[in-house]
Amino acid sequence: MYRHTRELQFTAKPEKPDALFAMKFQEILGGQFGEMTVMMQYLFQGWNCRVPGRYKDMIMDIGTEEISHVEMLTVMLARLLEGAPGEATEKAAATNPVLAAVLGGQNPQHAIVSGGGARPTDSLGNPWNAGYIAASGNLLTDFRSNVAAEAQSRLMSSRIANMTDDRGVKEMLAFNLARDTYHQQQWLMGIQMLIDDGYIDSQIEQSNGDWENKDAAHVFYTGTEGSAAGEGLWATGNSLVDGEPLRAEELRPLPREDGSLDDGTLPAPDPLQFVTYDGNQGPGKPGTGAGAHLQGAQNVVTKVKDALTGDD
Amino acid sequence: MYRHTRELQFTAKPEKPDALFAMKFQEILGGQFGEMTVMMQYLFQGWNCRVPGRYKDMIMDIGTEEISHVEMLTVMLARLLEGAPGEATEKAAATNPVLAAVLGGQNPQHAIVSGGGARPTDSLGNPWNAGYIAASGNLLTDFRSNVAAEAQSRLMSSRIANMTDDRGVKEMLAFNLARDTYHQQQWLMGIQMLIDDGYIDSQIEQSNGDWENKDAAHVFYTGTEGSAAGEGLWATGNSLVDGEPLRAEELRPLPREDGSLDDGTLPAPDPLQFVTYDGNQGPGKPGTGAGAHLQGAQNVVTKVKDALTGDD
Amino acid sequence: MYRHTRELQFTAKPEKPDALFAMKFQEILGGQFGEMTVMMQYLFQGWNCRVPGRYKDMIMDIGTEEISHVEMLTVMLARLLEGAPGEATEKAAATNPVLAAVLGGQNPQHAIVSGGGARPTDSLGNPWNAGYIAASGNLLTDFRSNVAAEAQSRLMSSRIANMTDDRGVKEMLAFNLARDTYHQQQWLMGIQMLIDDGYIDSQIEQSNGDWENKDAAHVFYTGTEGSAAGEGLWATGNSLVDGEPLRAEELRPLPREDGSLDDGTLPAPDPLQFVTYDGNQGPGKPGTGAGAHLQGAQNVVTKVKDALTGDD
Amino acid sequence: MYRHTRELQFTAKPEKPDALFAMKFQEILGGQFGEMTVMMQYLFQGWNCRVPGRYKDMIMDIGTEEISHVEMLTVMLARLLEGAPGEATEKAAATNPVLAAVLGGQNPQHAIVSGGGARPTDSLGNPWNAGYIAASGNLLTDFRSNVAAEAQSRLMSSRIANMTDDRGVKEMLAFNLARDTYHQQQWLMGIQMLIDDGYIDSQIEQSNGDWENKDAAHVFYTGTEGSAAGEGLWATGNSLVDGEPLRAEELRPLPREDGSLDDGTLPAPDPLQFVTYDGNQGPGKPGTGAGAHLQGAQNVVTKVKDALTGDD
Amino acid sequence: MYRHTRELQFTAKPEKPDALFAMKFQEILGGQFGEMTVMMQYLFQGWNCRVPGRYKDMIMDIGTEEISHVEMLTVMLARLLEGAPGEATEKAAATNPVLAAVLGGQNPQHAIVSGGGARPTDSLGNPWNAGYIAASGNLLTDFRSNVAAEAQSRLMSSRIANMTDDRGVKEMLAFNLARDTYHQQQWLMGIQMLIDDGYIDSQIEQSNGDWENKDAAHVFYTGTEGSAAGEGLWATGNSLVDGEPLRAEELRPLPREDGSLDDGTLPAPDPLQFVTYDGNQGPGKPGTGAGAHLQGAQNVVTKVKDALTGDD
Amino acid sequence: MYRHTRELQFTAKPEKPDALFAMKFQEILGGQFGEMTVMMQYLFQGWNCRVPGRYKDMIMDIGTEEISHVEMLTVMLARLLEGAPGEATEKAAATNPVLAAVLGGQNPQHAIVSGGGARPTDSLGNPWNAGYIAASGNLLTDFRSNVAAEAQSRLMSSRIANMTDDRGVKEMLAFNLARDTYHQQQWLMGIQMLIDDGYIDSQIEQSNGDWENKDAAHVFYTGTEGSAAGEGLWATGNSLVDGEPLRAEELRPLPREDGSLDDGTLPAPDPLQFVTYDGNQGPGKPGTGAGAHLQGAQNVVTKVKDALTGDD
């Protein structure tokens, strides 16, 4: 269960409003790698977590902090939008290039839809969606996604931080950048603890690893003509799983034990689905089509019409 | 530029068709962590890569391999769908529980839309979308996203592999699992090489790290009452960035230097946006609203109507 | 800022697992009118609210409660999914119609993606998205959206409640239904308070009402031949705004003061956009097209080619 | 069945084109609360309506009018886009700040995709989608959604109206605002008629109300520290359903009859889904996993490996 | 402007309800190629059409008919859903395989969300969205899209028609199939009329055709090893535009006049965007970054740190 | 299987960077009719194709070429973005209208998300999604979609080409326009070959054509008052299918053989779904509702409460 305190986790006051910057700032609130993403990602991971104690608590703790971050960012946005030229017309820009830039670049939904408040979208207005988040129940894979999310989020925040000189904005971003630095470590250390606690064997996700194709787990395939990638550690080092040497090979179709290759030829289609077909695999059969006999199938789109006529 | 060979990278032949399994199998083709995701993610990272040679080639190589994987999976799907009961009606299920399960569970778009072919969607029919992929130009953050994508992808493939006994499907998945094992290592080793080559200082994304809030980069905040998370490495270890000790603190609003907290109070809104407001920050100003004087703003939704009347 | 307590707001324990019901249950978690929607809707409304005190606190309070509801529903889902036949194949259904129903109907992503945990989607797997929520800054319109959201949410919960006999599920839903009953009242009473406090004049949103077309605000237009709708209160009663009588009229094109109608004829298109056009409004002009003279525009898709030739 | 008349319901002629305003104007055509939304919402409600006569006719009538509104707005947009600087380059802006604003701010798809015509999107280019509409078959809930939709729509139109001085645009918007004023009343009066006609007992959706948790239907929970929300009517008034007094309580985990609370601990996961788990609920069982014995499950991601070995 | 008649364009009465078929039937209502798509596509094309008279009227006529088709399909769906086992639990399936199939396969939103009414989605619940429609203002390209839409729509309807024996459904589909047959012709004949009326020169879209790369307009590139595609008319026939012979060539990088090829090397990145870069194009410049000097850029992610230090 | 060559198919070098043009240029990369669409459309059609030899090879060949086109466009975009004013603030625009235009109009995600690289989105930031592509297995319908896609794509490219004077961009677009010209022909000739090879009878999709409603296949319905569309070939010519004359008729409800019309009245709803209903079709029955008797259904939302009471 959750409780709320009026005070923000960190002060979110810009020196002065800036509608153009507010448009960009939405990216770290409602974008693919914004705070809404980590908030929802950690909350779902935490609620679904099957390891009570320090793991579940840790995920819950950071999820709770991220709700607080989303709150900070929405407040910052509403303050950046104070006095935005919501109703200024193109005429107003005639003698004012700064206004022209803002007029052209501001987010119209900041005025029309939210009335000067934050929007649950990215910098181009794409609504946040749950297709951005990962919560698999497997802590290794999820911690992997989390360290990636924090790294991408930190990078976006850094780029946005370079787009303003506002001391108030920068002070809050200095806090956010630090949290992203810390949280990357948190997840990396979480992976280390999973190993120490015996939940996983290595940093590599290996479920069903006992029957994977061992050889294919040690090869880098070069698909680019003249590729220099064979020089990389990934082709000259040893496997992180079993210590066996890795190698590079040219990407090519791999034969089965009998030497055969697969040319991707498909089976005969269901004639009642009117798929274009030349009969090379013999006639297809209707998918237990209840109504096949009713329709006569006279105009089935195949070259094997005659063969089919007697067939259903 | 790309070229194509008819033969598949690996054989994709099920022992027998299975429409119910085909429905689930779509998840690793067109789902959030399916092969379409890594294919498009690596292609965009490769095309946008600014480090020619082994880094760019490596990304291009794996991107090219992933196109080949998507091809393998589409062929597998079309073969799994051979003879699917596309037209069977509910009556047909009366004496046949297996058919009942397939009828209920098969993907109707496999018959109606693709005519027995693979669909560019996940197991529930969500069309693949580019909001799944990451390509930032920063190799550390992108390699982080890549190792996460391969780990999640491997986990999904493992789960799906446990849903079938088909030897043909399992043989192909044994190959895919191995590639995911390998590719996770590839990206982890790529991060190591970025450090060795001097592109980054550590595994932590640190752009603009010189002015981040140093203290906030060393604290784990516990937001859950009675949290046990303070026992974790993330609160008892040392920073991966500067070696300084990490610590846990209770999540609470952080004061500025002058001791003040931020209660999130917002500025006065633009009266022409009709935001409900009690005047606590004084009257708001129209956003250089060209038409303000025309409309009189008589019914502005605020309690400060009088103050405003003389204002525009 | 937010804090978390391990205990749920209300017990979320089913008597026994039920994977088929879990599939449907997702609708009230991540659907258009599910708990994620009201949670995010109230949080954004609260953070953007410009009336500190009882209004802002009230919205914040309910937003905080809704996070707790989302938590309850995710826990319920994970418990409903215990022991779900995630790996059962179609063969397993041969002698077991119940299994056949579950096999066909269960959500494959519950096994493949979330590993037996809740998903941030609706019952058909559509990821939750922020296009479901409203937060305009205007409390009347938002309270309107809120009472609608609670009513729809309650109806969906009622329908789902009728789909199970599980005492544990029903006990939790009895709590949820009650909260939806209460919350509908809360928002209706909130509208009454907005009137009492002088923020609005009536239950009708009337911004810029001073210059709206008064006559058009009193007419019901019947667009259906032989419509009986003219008998409704909406055509026989008096306006809720000014008490003037309402009336019904047949839907028809309304003339301007000079009696003219508008037949929707469009202006001449920009010839460089190759819009098909018969010249009825004379030749169009390139949109200050920098490169017009370079391209010759010889094959512009209009019938007025000759006229245009001399024009640019 | 539908028929069409060439003349528009109301004249849609701007005094002069304005590409920048056209970009914003899209919001009330194809946005979440635009005319496409109410058109599709009312059409689906009407077609699905089970009360022939004045209710069904009324919904059909307004649905038909809304198709006509969408038509008006598309015509207005095409006229606003006349002569838009579709091909102007950045060089052209050098001596022209107005052009600079338009260049920056205009919607590129107005030139590239629709050739100067209206787009079925909002002001930021999000395609309209059916996730915006509600049609439940229950008239109380749907009329609730309808009055909300009209109120939000009217507010957006008001805000946009303040962004232009064009007399032609304002004249059409004066008509649209009036229709939104009227339509809000129409749905409110519709709810009153549902009560008068005996379809519902009150303005509160109460399906399955006989077994809801009565106590929980009378409490406002304060989740914010020091919340002032307890002063509201919602905590000091009486229930709109049964007249019993409402009250405020602090948000807290609610015990069952036996005093127990629910800490959200989850059941043991299916080991074949490789969910991280510490065994606190004993070993999990494969979900009748057909292939369990084949795979050995040697590398299951749990600490209870030994226990499991003998288990399947 | 639009008007409505109660009677449907064609009778939409199934012999008996069928919830499983209703689930599939949604595809031709709200799917990518369903009736909602052609309805909205033709309406937008018609409203935006710049050729009044027979072209605009024709598009308006068919758009109006399609609204009527959507109406027919929604009615059919509501009737197919009569008595659907909305509340049946998995227990109910124990002795009833038919029920098991329906339970598994029915669309849960038909019960939960629409209460037995049609949904504005496809067969898998994806909400209809405006990204499915085309309306460019250019009649050749749009008629092309229209004939494709009608052909795809007819194919989906055919496939679905084979999934039922219900005489009532088949009678309505016989009408729909015929309309799709007719409408394909209508658009093909529309293209012929565009040629006859002098709006276009051929069936090929050729805007700016005077300066396209003539040679590249006559070559088929074979990108597949051993491709047999060179035998096709597209490589052995003559151009439909100028009658010149077409030919096949192997896909390969094409040199510029000076013989050079483009290896895709990218320019130096903006150092303030922290893109990984090896300096091969010299140091990048901040994008007129206002705050560059403030941040020192000490940790810019490039190997050219030293060079940069003096640069800003 | 696929292989990659470093060299691009065609040179993609602009004379100089242009961030404003880059924003627009995204439309032909990741828009509805951009190169990503044809790439994925052809790849899925090819992989699913059941006619090995020249048809399958042809589709594979063009699919492979389109991957190469997407590569060209991403490179062009990264070069257009060189030195883009990513960090410039509004202050910087004060004396620089060109910068003002760019500041307002540039795509913020080009700086924030991709670091100066191409994005997998359209010009307004909508992520590419698979709902744009068609792959039905039926070659006639798919070739129809392909010729439409190439025509729309060519038109968008033409419009964008008119928005720049850059010789490098125009040279590449001259190549792209030519390929679109060629590819339109390729698909049209493909349809001709399908006829010549006996796969289809005409250019009209006619699956199940033997039982369609023959009369309805020959009529143009005029739904617009005073429509001039009856003059078109589509109403005065002969059927392309059977040579019979076509005709125009006024759109009207069509009677069944017994003269009856369908007024769309719906059946009684399931009372447990709480659909508003006046009892005109008698009482509805719960959908084998397991729990009906438990709930009493006392507050079912119908007027036929009494009748129902004895019913369950």
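Labels for the chains are A, B, C, D, E and F, by order of writing; each one numbers its residues from 1.
Just so we're on the same page, contacts are C-beta pairs under 8 Å (C-beta built on N, C-alpha and C of every residue); 3 or more make two chains touch, one makes a residue touch a chain.
No experiment lies behind these values; they were computed from the predicted model shown.
The chains in contact with chain D as well as with chain F are A, B, C, E. At the interface between chain A and chain D, under half of the residue numbers appear on both sides, which makes the contact a different-residue one.
Chain D is reached from chain C by a rotation of 180°, derived from superposing Cα atoms (nearest 5).
In whole angstrom, the spacing between the mean C-alpha positions of chain B and chain C is 24. The mean-CA centres of chain E and chain F are about 1 angstrom from one another, to the nearest whole unit. Taken residue by residue, chain D touches two or more other chains at 1-9, 32-33, 47-48, 53, 60-61, 63-64, 68, 71, 75, 78, 86-89, 91, 97, 99-101, 103-105, 111, 113, 115-117, 121, 124-127, 129, 131, 136-138, 140, 155-156, 158-159, 161-165, 206-209, 211, 223-224, 251-253, 263-264, 266, 268-269, 272-275, 286, 289-292, 295, whereas all remaining positions touch fewer. With chains as nodes and touching pairs as edges, the resulting graph is complete, every pair of chains being joined. Interface residues of chain F facing chain C in the complex, by the touch rule stated above, are 155, 158-159, 161-165, 272-274, 286, 289-292, 294-295. Residues 1-6, 47-53, 55, 86-91, 93-97, 99-101, 103-105, 107-109, 111-113, 115, 121, 124-127, 136-140, 194, 197-201, 206-211 of chain C are the ones that touch chain B when the two sit in their complex. Partner chain F is touched in their complex by these residues of chain A: 18, 20-21, 23-24, 27, 31-33, 97-98, 100-106, 122-126, 156, 159-160, 162-165, 223-226, 251-253, 263-266, 268-269, 273-278, 280, 295-296, 298-303. Across the complex, chain C is touched by residues 1-9, 30, 40, 43-44, 47-48, 60-61, 63-64, 67-68, 70-71, 74-75, 78, 113-118, 120-121, 127-131, 133, 135-138 of chain A.
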